[in-house]
Amino acid sequence: MSMDSLYTELIMMHNRSGHNKHVLPEATHIERGHNPNCGDDLTLQLWIEEGIVKDAAYVGHGCAISQAAMSIMIDLVKEKPVAEAKVLAHDYLRMIRGEQLTEEQRDALADAIVFESLSKMPARVKCGTLGWHCLEVSLAETAE
Amino acid sequence: MSMDSLYTELIMMHNRSGHNKHVLPEATHIERGHNPNCGDDLTLQLWIEEGIVKDAAYVGHGCAISQAAMSIMIDLVKEKPVAEAKVLAHDYLRMIRGEQLTEEQRDALADAIVFESLSKMPARVKCGTLGWHCLEVSLAETAE
Amino acid sequence: MVSSNLTDTQSHDRLSTTDRDRTGQTDFPIFTSHPELIYLDHAATSQKPKQVIDAMSRYLTESNGSPHRGAHKLSVEATRLYDIGRKKVAAFIGASRPEEVVFTKNATEALNLIAYTYGLSTVKAGDEIVVAITSHHSNIVPWQMVASRTGATLKFMYVSPEGDFLPGEWDKITDQTKLVAFPWVSNSLGVIHDISGLIAKAHAHGAVAVVDAAQAVGHLPVDVCALDADFLVFSGHKMYGPTGIGVLYGKHAHLEAMPPFLTGGDMIEYVEEQSTTFAAVPERFEAGTQHVEGVVGLMAAMDFIEHMGITRISEKEQRIARYAVKRLSELPFVRVYGPREGHDRGALVAFEVEGIHPHDLASILDDRGIAIRAGHHCTQPLMKSLGIMASCRASFSIYNHVGEVDALVEGLHHARRIFGYEHG
Amino acid sequence: MVSSNLTDTQSHDRLSTTDRDRTGQTDFPIFTSHPELIYLDHAATSQKPKQVIDAMSRYLTESNGSPHRGAHKLSVEATRLYDIGRKKVAAFIGASRPEEVVFTKNATEALNLIAYTYGLSTVKAGDEIVVAITSHHSNIVPWQMVASRTGATLKFMYVSPEGDFLPGEWDKITDQTKLVAFPWVSNSLGVIHDISGLIAKAHAHGAVAVVDAAQAVGHLPVDVCALDADFLVFSGHKMYGPTGIGVLYGKHAHLEAMPPFLTGGDMIEYVEEQSTTFAAVPERFEAGTQHVEGVVGLMAAMDFIEHMGITRISEKEQRIARYAVKRLSELPFVRVYGPREGHDRGALVAFEVEGIHPHDLASILDDRGIAIRAGHHCTQPLMKSLGIMASCRASFSIYNHVGEVDALVEGLHHARRIFGYEHG
């Protein structure tokens, strides 16, 4: 995907709508991710109960890529079991590192696949993985 | 003068004979010169009376160039008035810096002219000027 | 990617200065490798003229030796070139003698050298260090270290978004002040500080002045004697030279009084088991094998600057910077930081585009072959004091031309359209 | 000057290995510029293969950008090359992860970095630092600084003229010892120390071991993990690479615990006005714009070494060094220092010629196109302990050949004749 269409899709899909950007009062897990180099500073809030990600949202500021990646991730993991969210995070981060995914794994990542091209944009990798790293840290603390 | 003949002349003239290398009990001025880089460490002893360099000698250790330059200098300034020795030191150091001397000045430097080629051997300049710098320092303290 | 032909034509139509402007680029092989590159990131690191690249290759091919004052020809030649390099730098910045020039690996090491030696040995508890808020991190963090180790207080002089010191800020320089540090040209705002005034103010209170000239050398004429600067630092790689080489200028009396910093080979006189006597200034501050090919490259860079003429370089950069400020200010969705239109500024323009994060803008422009820099520019305290999260920066030099500013502006419109703004 | 043809013929007659030996030289443009040069000063600084010179030119021509993790392609490329360089060094020396590799400007800065950070923060009054007397000044003077600032005691382990530690010297390493420093290969005697033994001894007493590998890397296979070294340093310019780049290897846990040294751009996370949080290891120790073309050159140098094969290099050097010891030992007027004939030694031979001061000998040989080094080799304490004023040193590498040893021996005869000795 070209830079321009990556942005076009991202902007259309998420940054304008901002539907996942708000405070989540029920949050059981709050993880702040920041990138000193760009100044991205986003906080992921997860409401996890009985091994399920009941709800999620984020607050903070950052570039379009970090926010869209966060928002798309939230859409993806919401209402999923923790175990499944862990697998998604694992696969997403592998994708960004340029590793090959199976068709099944790609399908599971759904919209998040637009970030595949980040594997060829090292300068922006940290933006595209900020939210997912927050997710990983939060889930690591959680029994499945 | 080639390196080889520079050395041949030096060795023949001075280092073998060592006639200026000894303690000078009458010394009125003692100046140590050393070159941390090569390890040359020579001490010039001058016996100055009534504005005349009555006698001079050196002790210490160093390379052939530093010792020969010292010894030739001693031959040259012995029994000369301080004022004249100062001029010789001045001219010698100018020669080593590659400056042009008059015929007269060159004649005055006599045997010390063999060191002219040092102006093209920066690595050895300090060796060839060690004794002369000692002389300059000693004479600077002396009324003419 | 916008073809550079298109860009040329545009600028030609607009200003008919392109041909003249373009002359600078033929010396720079990077533009042969990347014909469509619009490099607006000189302030981060300059591109290198062929003369610099060739001088270093030639050195390694013909003259390479250890500059340890060894007795063989290559060693002598390396030493000779290194010494000539020092003399050339001294002449280039108007130092009164070559011994006032110390080679470091970059401006950052030079500032740390001052902090660890002059700073730690001179500053005492209760003293004050006053730093311009426009300073680069490398001219802030070392002073934090000095303040925290000595018990001194670190004070900042604040500026407006245009880069002017706020009224009364200079009064923070008092008789308590031991050291005043500031950039000549801010790499973040482009403001050119009145450094003569700051130096005089520091001296009036018995303090020394540390000038960070990283963004000034190669852009403005430098005369440390006329300025009466105590210390002045810069990096080779920002003035058409190589990386790995920087310069610390220090007044001889200061350097003489300073203890060594890095210790080891070549900066000693005699090493005993338990103690060491050190070489004279400047060798005292140059431990270990020095970066001779860096000095050789730096000499070629100074030759290049002299050949181009600092006045011509500076006039060209001013023209491009003024044009950039003008064009960017015309855009309703752009906010320009630093000196207002018509005021002097360094060879750079920082700005923000409404609705687009600087990093996103940089990526989109990069995709069109336009290299700018986005972020905090290593000036977080400045950014925080002005309430800016991050900014975009386009910086200029002899190899840029006004047509590239047009391409930049076109790129901003494009980015705005991508981000869904109707009127890019 | 002895013609190199003559030299070749001589060696050919003698050993018939010249053709094979000579292969190394074709890669080194310096020998095209100076066809008659006999360069026996690799230990001071190496000559550079074409691959290294070209890699740096190519970088500056095609890829030059600021490695500040900027968003544009050249910056990304510079960052990428820099990171690959770190990985390559880590693999080259067997580090367990790239983060254990810190780039410095030379081995000397690397040793100072350890001294200023690990040293000053770990060593306390009453502690002991034990240093091999064979150490280079850069591995002595920084420890004098640490000792004098902390109140620790500095002790030396002495060696015989052959370079063997005298009986009982290792026992100076005790439970009081916090740090043990030594060269792997002595640049002055050529002795190869039993560094695995020294490291184990240090560890047995809870001390860390600092290995100066400046004369080992590029000559011997290096595996920091197998050695269990705490710190290991070297310089690019002594291993076919450029000046201005050096390496500090440190065990990750040590580096993690160390405070920063040079401060400024790129080594920070967040800079507030009064305080700073620092980046993770290894960036924490790399302040300011780094010497990317130096890293690129270093990579090419490692490629060159790998292409030649470290075993082949080391075997060739050993052969030349053994041959040199043999030929020199045959001369009644020569005294050879360091390991005896038949014993392992580094790629160098130090010696003295009766009746001729080393500097004079170096000048006379230089006039015949033979580059050797004379003096104290930055090891004054060693020289003093052995009662040597100065020595001559011939050092070898892949581009040397045994015929050059013959030329050296012929040069010694010649010098003796000049100095008036009948039987040169």
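We call the chains A, B, C and D, going by the order they appear; numbering starts again at 1 in every chain.
To be clear about the criterion, a residue touches a chain if its C-beta (ideal position, glycine included) is under 8 Å from a C-beta of that chain, and two chains touch if they have at least 3 such contacts.
These figures come from a predicted structure and were not determined experimentally.
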| item | value |
| --- | --- |
| For subunit C, the least number of touch steps when starting out from subunit A | 1 |
| For subunit B paired with subunit C, centre-to-centre distance based on mean C-alpha positions, whole Å | 48 |
| Computed distance of Cα centres, subunit B from subunit A, in Å | 80 |
| Euclidean distance of C-alpha centroids - subunit B vs subunit D, Å | 38 |
| Shared-contact residues (touching 2 or more other chains) in subunit D | 70-72, 75, 268, 270, 359, 363, 366, 374-375 |
| Per-residue multi-chain contacts in subunit A, two or more chains | 37, 121, 123-124 |
| Interchain contacts, given as pairs of chains that touch | A-C, A-D, B-C, B-D, C-D |
| Complex contact set, residues of subunit D against subunit C | 29-30, 32-34, 37, 39, 41, 44-45, 47-48, 52-54, 56-57, 60-62, 64-66, 68, 70-75, 105-109, 111-112, 133, 136-142, 144-145, 154, 156, 235, 237, 242-246, 262-266, 268, 270-276, 287-294, 359, 362-363, 365-366, 370-375, 378, 380-381, 384 |
| Subunit D-touching residues of subunit A, taken from the complex the two chains share | 36-37, 121-124 |
| Subunit A residues within the subunit C interface of the complex | 2-4, 7-8, 11-12, 16, 37-39, 61-65, 121, 123-124, 127 |
| Sites on subunit C touched by subunit B in the complex | 69-72, 75-76, 79-80, 268-270, 279 |
| Subunit C - residues contacting subunit A, complex | 356-360, 363-364, 366-367, 374-376, 389-390, 418-420 |
